[in-house]
Amino acid sequence: MNHSDRIRRMNSAVMTGLTALCTLLAVGALLIILSYIAWQGIGSLSFQFLTDSPRPVGEGGGIGNAILGSLVLLLLSSVIGLPLGICVGVYLSEVGRGRVGNVVRFIVDTLTGIPSIVTGVFVYAVLVLPMRHFSAFAGGVALALIMVPIVARTTEEMLKLVPHSLREGALALGAPQWRVTLGVVIPAAAPGIATGAMLAIARVSGETAPLLFTAFGSRFFPTSLNEPIASLTVQIYNYAISPYDEWHAQAWAATLVLMTLVLGINIMVRFLTRKKF
Amino acid sequence: MDLHRHLDDELSSLRDRVLLLGGEAEQALERAMYALSKRDSEVARQVLDHDDEVDHLEVEIDRQCIDIIALRQPAARDLRFVISVAKMAPVLERIADHACNIARAAIDLNNEPELQSVPDLSRMAKHALNMLRGALDAFTSGDAVMAREIIKSDSEINDLYNHTFHRLIELMVTEPATATRDARLLFVAKHLERIGDYVTDICELTVYMAEAAFIKHNK
Amino acid sequence: MPVQTEPPKIEVGSRRGSAPASGTSSSTKVAVRDLNFFYGRVQALHNISIEIPERIVMAFIGPSGCGKSTFLRTLNRMNDVIPGTRVAGQVLIDDQDIYAPGADVVELRRRVGMVFQKSNPFPKSIFDNVAYGLRINRVTSSGSELAGRVEEALKDAALWNEVKDRLKTSALSLSGGQQQRLCIARALAIRPEVLLMDEPASALDPIATSKIEELIFDLKKQYTIVIVTHNMQQAARVSDTTAFFLLGKLIEVNATEKMFTAPNEKLTEDYITGRFG
């Protein structure tokens, strides 16, 4: 073995070790966070905790209303945000070529980078103030606004991955453009689009800031979209900043529930994106 | 491009081989006629001994043509060249066979007293040889004009043959004692006439190779 | 041994199995006059004029970038999809100019089917792939008629026996050669008059290729077929007429056997014998 050979091998070994170390650090930190949350949270978990609504300190109570509220908010934001985002994505990929498309793409990218609290303040100004009260609806809109750019860009990327030959194949059979998009391109990209949608849902399910100004929070089970609504994240925030140990413990448990929820969504993504065709 | 140079190399090696075969046929004819006119049976035997090599060469050319067609799939002028060579090789081999037959006749005649006042076959032989040389040249240079000239000149050999034929028949009648030897000479003349026909075939192949025109059978 | 009293009959053999049925003067299906084509400022085709008779196979050969594929795609206006392209000249199919103002592109593509280099089945079932063109063009509303047309197309494409028991399975589960025959079936289902094939076998193994070639041979009884191929032996095997393109110009059109034994043009000869430049 000559000199340069030895150096090359040493370099290789050092770099391999370095990357392994980085991976270990990142994954290790994540594992510590997860296990710490589980350790802290598991003690307060009970059937009652998952189903009851909050009670004053010392009386126990639960996060049932917050779980339901979070699900309502996610559903609401999905109903508003996903179709809008997918439509923008389709426009970017299939229709908006050239300058207009580039402008739209730039705006979408900018929106992705806006801090979520700004979105919350915006919805507060546009919806909450005119309506004169917080509401689940406003919360849903705020989350939807965060979803749109994410969904739009993933949809665009997924549609662009659909081979051009598929489009040509459909066009060559006498299909007009819109039928090609609807009947061939979107179905072909459907698993990818679903992934994007699920990732967006997972992303907003962890949002707190935009909800503070919009959905606000509530100690009761939701009855209408037109009134404030509880959510896991806001509940965690409120309990965590409270001075009571019992509420701190409940915040840990709620965090564990939220984490499980996000994990559940991610698993669902994997499941949905298995190739069917 | 390497691939095409490869084909070019094979085609030129094929050309070399077929010219070698042509040279062999030419030489066999020349030496057989020498053996006849100079009454040299040793030379005649050399011609006969050499025939195996000629046959071997023909088989080799055949095989090479098949290989090129199977492996290189030649098209257009390359295809016409390979096909022409494949058809030409047996023709050349047959010319060499005729030369062998002449050599055998020479050995037989040399074992008997020399004939007096025989018709001159050397003119015919010379003409046949010239035709063959010309045909090989025309093939080498792809010269269809020259090939057509040579085809036309075949009639001269036919005229010479007819003339010789009548002379020999006359001799058989006037000098019956020489009839056997006359008959042998008649065969020699016939061989030379056939060689002229074969040369015509070669020229037709040359015209096909150069112009993709089939001139056979449409006189 | 019986003595033959009559001289044996001499039969005049027909040279090629299924040359144009009627033989001599079949009518012109596609007539192109002075066609020029531009990608932006780059002229890709120069003054192409050619006549394609009905029910023959015409092969386009030439080096990469010679314009043969571009020209093929002008025959069903597939180039319209590419932005910045421009066509000048006439393409007449049954004496109608397909580039005339008001000409119906969708109707044109119904009449002029296309099969692409890379097989491009839609991510749908085998049945739905073949039925796609029929549904798009509203050929029939009856389910049984639809099934009948699908079966017929699959039979014409010599694929029926291999897929009849799994019509509902994904088209992507088929092998490469089967996928390409599926694409042919898909094109045949709407009963085009002309079938354009852009290197249909270039991605297939020799056995799949020979199946496609046999298929082409059978199809020319009903269709006018134009095939672009890089494989000159393939052009020699399947076509009746061959056209040679070079640098966007049509150099020579000739009977295939003439083209491959004694082409008229020196450029063609150089290309066919592999001695280019």
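Think of it as A, B and C in the order they're written, each chain with its own count starting at 1.
We adopt the following convention: a contact is a pair of C-beta atoms (placed from the backbone, for glycine too) under 8 Å apart; a residue touches a chain by one contact, two chains touch by 3 or more.
Only a predicted model underlies this, so the values are computations on that prediction, with no experimental measurement involved.
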Contact graph of the chains (line, ring, star, complete, other): line
Of B-C and A-C, the pair with more C-beta contacts is A-C
The distance between the C-alpha centres of chain A and chain B, rounded to whole Å, is 92
Expressed in whole Å, how far the mean CA point of chain A lies from that of chain C is 50
Counting only contacts in the complex, chain C reaches chain A at residues 76, 78, 81, 83, 106-107, 109-110, 113-114, 116, 118, 120-125, 132-133, 136-137, 170-172, 183, 186-187, 190
In the complex, the residues of chain A that touch chain C are 97, 163, 165-176, 179, 183-184, 187-188, 276-277
Per the touch rule, the chain B residues reaching chain C in their complex are 1, 3-4, 7-8, 73-80, 212
Interface with chain B, chain C side, in the complex: residues 232-233, 236, 260-263, 268-269, 272-276
